[in-house]
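There are two complexes below, and they share chain A, which is joined by chain B in the first and by chain C in the second.
After this line comes the complex of A and B, so read on.
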């Protein structure tokens, strides 16, 4: 019986390990393998291709600009999300009548599918009748409806800025909630001690709250980096990465390549994958994650 | 656990601030409240706009007005002729199927890792944590090729894939709940003649119910909302057999978009999910971040 008892955990864990193996780990193996194969758009494997897929990918005229844009996309969206969320969490941490209901409103973009949210913003930015343009026209920012100026998604720079705004918008609820739960874990007497020491509220925020929020900020940033890096529905629904590839990130680029050349698309995925890992490691290194966890 | 410590600290902080700035409080509270109301409205606004668009008559689609002059429900009634009922069915199958699998797989794993110390426990929890760093988008090519080789019907593939990517959340939140239930409670009821299985079913599972419900709803919602893998695997199917997120895109044509139907269908897809989310609102963060802060 003791031998059986020692094997029991295996039995309890094996379904989970099998599911992770089939759905998460094996696709990574297939993906890496595909990146060294010659595969057409219809999925037919024509043979081993060496590193030719990678070589072709690096030669693509759009490759470097897509990489740079992805980097800007991730850094800007996550940084702005974190900053706004810190403020929102502070606000929704206060006690006021109707707090529960306002918090419910806050979660709507989190609960709704990102694809639907992206479509609403695409409509709202319609150059002729979109509600954002109508409002901007009323307050005088947009001179004329239907003009080039109102066609925000037609111009790569303004399209990218609007899509980043949508990405921030849908990332705010989770981030705010993560920081809120961090705030709730800070005991009230810490603030009283700071107040007795004569700290102003801004100083006690910088000296007391922010350091104590570090674990929450760390985790929220990590999860956001991973989500934003792989974010697909926003760009897909609003511009399809166009015009050309001028608003595409690596994820969009990879999916577009998949239509014609699966092997090359796989090599883009592998690079995408490595990039996420590198960014996560750099982030963890720069925030001295280890000390944080050991403490 | 975060949820357990919440009421105490909240009350403590309130008492502190009330005694400190007793007289200023009403005005300050109202400034905070009004700011929060405005922000809440901003967060709800896009979805209210979706409602306004869904009830706007088609002949008013070209008017540059914020509010429609008339309201119509025809977008909702004509929605069903485009096979939307079938899509809802497909989405329900995928979301419910994934939820059942996640529960069956995560419950034993979470219970075992919470109750017993054995070799490989740490490695297993690390594996689960690592899957949270993985997104379907990052390995779409691999997923597509693997599951095309399996030759399963798309709905079945999507059930398994959604289950796999939501397993980490369920394992972590259930692990936290099981760990917070004292072993002594189980042992006492076993002595009382319930037996091991009886103790598990009558004592432990009911106590972990909030965690189970959170895991269920979270998995259901994310499978219901999943778009990229669904789009990839159900390409070429008829709209009624595609999940809702994919089928909704049938209203987007090459040159024109059927915004009325698009947003009516979007509303049908979104409202139930928002209501479900309200139930798990307070616990969902601890499930997403539990593994990482431990």
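After this line comes the complex of A and C, so read on.
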């Protein structure tokens, strides 16, 4: 009887374990398996292919630049998002009339479909009639509509910057709320103590607020890194990774490869997957998250 | 408090990882099709419409409701897909084994060689009525699988109003004409030559320029994308682009958007098909006398051949609905539906009988006579992959190095062919 009782938790755990097995682990197995198979654009498996898919992938002339771009994309978007969110959260933490309404409004970019937001920005940036361009034209920044200068999404560098801005825009609500909840968890007496010790407000932000916010920042950064790394709709809708692959990240590249060669696309997926794991491990290592747990 | 938070952190991380993976996996499920003795056909069509008023779904719904009255035992579900996404969405259906019964749009010989398609003779009572021009490119080993449903040929459209304003009197016939005329129109503040090399249909625009100097995708059935003639054509285009005579960044601009701009009177010249005419009409900016179309300009004179494109019907055998597909296709290929389609979208018919009925038509006549001399896309199994790469990357050939980009595409074609 006691032996059976010890097994009882398994019964309760089994649905979750089964779910993780079917929804999380099984696709990983299939993904890794596909990456070693020869699968054409029609999805038929034509046998094992050894490491040829990986060899082809590494030989692609765009592969290295796509990897580098992905790195820039993730670091820039997450860093800017965190910085702005820290400021925004501080702002929303203050008492001011209409705070409730503005906090609601902050949810909108989060609630709206990312694809929709990307499309709206794409239209707003249309070189001839886009509203952003028309405004920039009126204030004299854009000399002529329809010109090279107004074609923000046609030039890889400016296209990337605009798309990063959209990525930051849609990441802000979640990040700000995560930090805001962290702020609300800091008791008021530590600030009183800091004030008694003669700390300026800037000093108490650096020495009291930021260290106590660390868990919240840690979670928000981690989730953002994974999200932004795998972000697909923004680039897909705004440039499709073009011209050529000059604005593609690894996720976009993987989807483009899938049209002609599922096997090679799967090998890109595997590398994508490993990269996310490596980035997350490095991040967790560098922030010494174990200390947070053991403290 | 910190401990609790940490637990939440790790929980959050696991959850996020799980969500990421779940998104990476695609769900798939088979679809049953027969219930209570009746069969449901899944018809997937490309949308040729310029808006809700002339969406292709409406055209097909008309055929389907007439058909279902005669054949109460067969139901037809119509799915229409925008052209830009048509190839990839159909391919996704096939990769996920959710096969359609009939598609109308692009046809790929890969599907035939993989044994997914019925030959035309299995699903049409009179396959000989299909225009013979496209028979070779629609066949694999002498058996025809692609069934032309609608066809078009390409011509050079130009805005006569802008030409007059710029002081140009003659129609452009050579590349040199295009260059000087485009420069004059650019001075008016408009786009001289509209060059859509974005992913939507870059393979068509590119071929029209390759043909200008006797090039093309293939010579004698072998890919020669990096031939000297093709490199020369793209070097010419690169000059046009760097002089600012085209719209900015042609590699990112799609045909549909540029055709709209031509219809708004903002573009001097553009290569188009008859499908551009309804767009011009619905914009209501240009009168009939404000524009015209002439043979495509080549290096030394107008092209005597042009690109003939046919959009095909493919019948998938994977669901085993041969008899029902045959009933439906025989019904849909009637002359009246062919002609209705062509009148709706200003495209050309794909059957001999409908062509005869239209040959004296003032609008369609000239395009129809050009059709038999037309050049078609390659039809081998490498083409699907080559075309996808051309669509994504050929735009770089007019900003970067033409020879490098074209030789990379040539490499794709040789690796895809093996």
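Simple rule for what comes next: the second predicted complex is superposed on the first by the 287 of 295 C-alpha atoms of A that agree within 3 Å, B and C clash if a C-alpha of one lies under 4 Å from a C-alpha of the other, contacts with A are read in each partner's own complex, and residues count from 1 in each chain.
Here is the rule we use: a contact is a pair of C-beta atoms (placed from the backbone, for glycine too) under 8 Å apart; a residue touches a chain by one contact, two chains touch by 3 or more.
Being a predicted model, the structure only gives us computed values, none of them experimental.
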item	value
Partner chain in contact with A:51 - chain B first, chain C second, else both or neither	neither
Which of chain B and chain C A:157 touches, first, second, both or neither	neither
Contacts of A:233 with chain B and chain C, given as first, second, both or neither	first
Per-residue touch tally on chain A - higher for chain B or for chain C	B
Which superposed partner A:40 touches (first chain B, second chain C, both, neither)	second
Partner chain in contact with A:201 - chain B first, chain C second, else both or neither	neither
First, second, both or neither for A:245, with chain B first and chain C second	second
Partner chain(s) touched by A:143 [first = chain B, second = chain C, both, neither]	neither
Chain B and chain C contact sites that coincide on chain A, given as residue numbers	20, 23-24, 26-28, 30-31, 43, 128, 185, 215, 218-219, 222-223, 226-227, 230, 258, 262, 269, 273, 276, 280, 293
Complex contact set, residues of chain A against chain B	6, 8-9, 12-13, 15-17, 19-20, 22-24, 26-32, 34, 43, 88, 91-92, 94-99, 101-117, 119-121, 123-124, 128-129, 131, 133-135, 137, 145, 169, 172-174, 177-178, 180-181, 184-189, 191-192, 195, 215-216, 218-220, 222-223, 226-227, 229-233, 251, 254-255, 258, 262, 265-266, 269, 272-273, 276, 280, 293
Parts of chain A lying in touch with chain C, wherever the complex brings them together	20, 23-24, 26-28, 30-31, 40-44, 56, 61, 127-128, 144, 146-148, 150-151, 153-155, 185, 215, 218-219, 222-223, 226-227, 230, 239-246, 256, 258-262, 269, 273, 276, 280, 289, 292-293, 295
Touching residues (chain side chain B, partner chain A) in the complex	2, 5-6, 9-10, 12-16, 20, 29-30, 32-33, 35-37, 39-41, 43-44, 46-47, 49-50, 53, 61-66, 101, 104-106, 108-109, 111-113, 116, 118, 120-121, 124, 127-128, 131-135, 137-146, 148, 160-161, 163-165, 167, 171, 221, 224-225, 227-228, 245, 248, 252, 257, 259, 262-263, 266, 269-270, 273-274, 276-278, 281, 284-286, 288-289, 292-294
Chain A contact footprint on chain C (complex, rising order)	1-3, 5-10, 12-13, 16-18, 20-25, 87-88, 91, 94-97, 110-111, 114, 116, 189, 191, 198-199, 244, 247-249, 251-253, 261, 266, 384-385, 388-389, 392-393, 395-396, 399, 408, 415-416
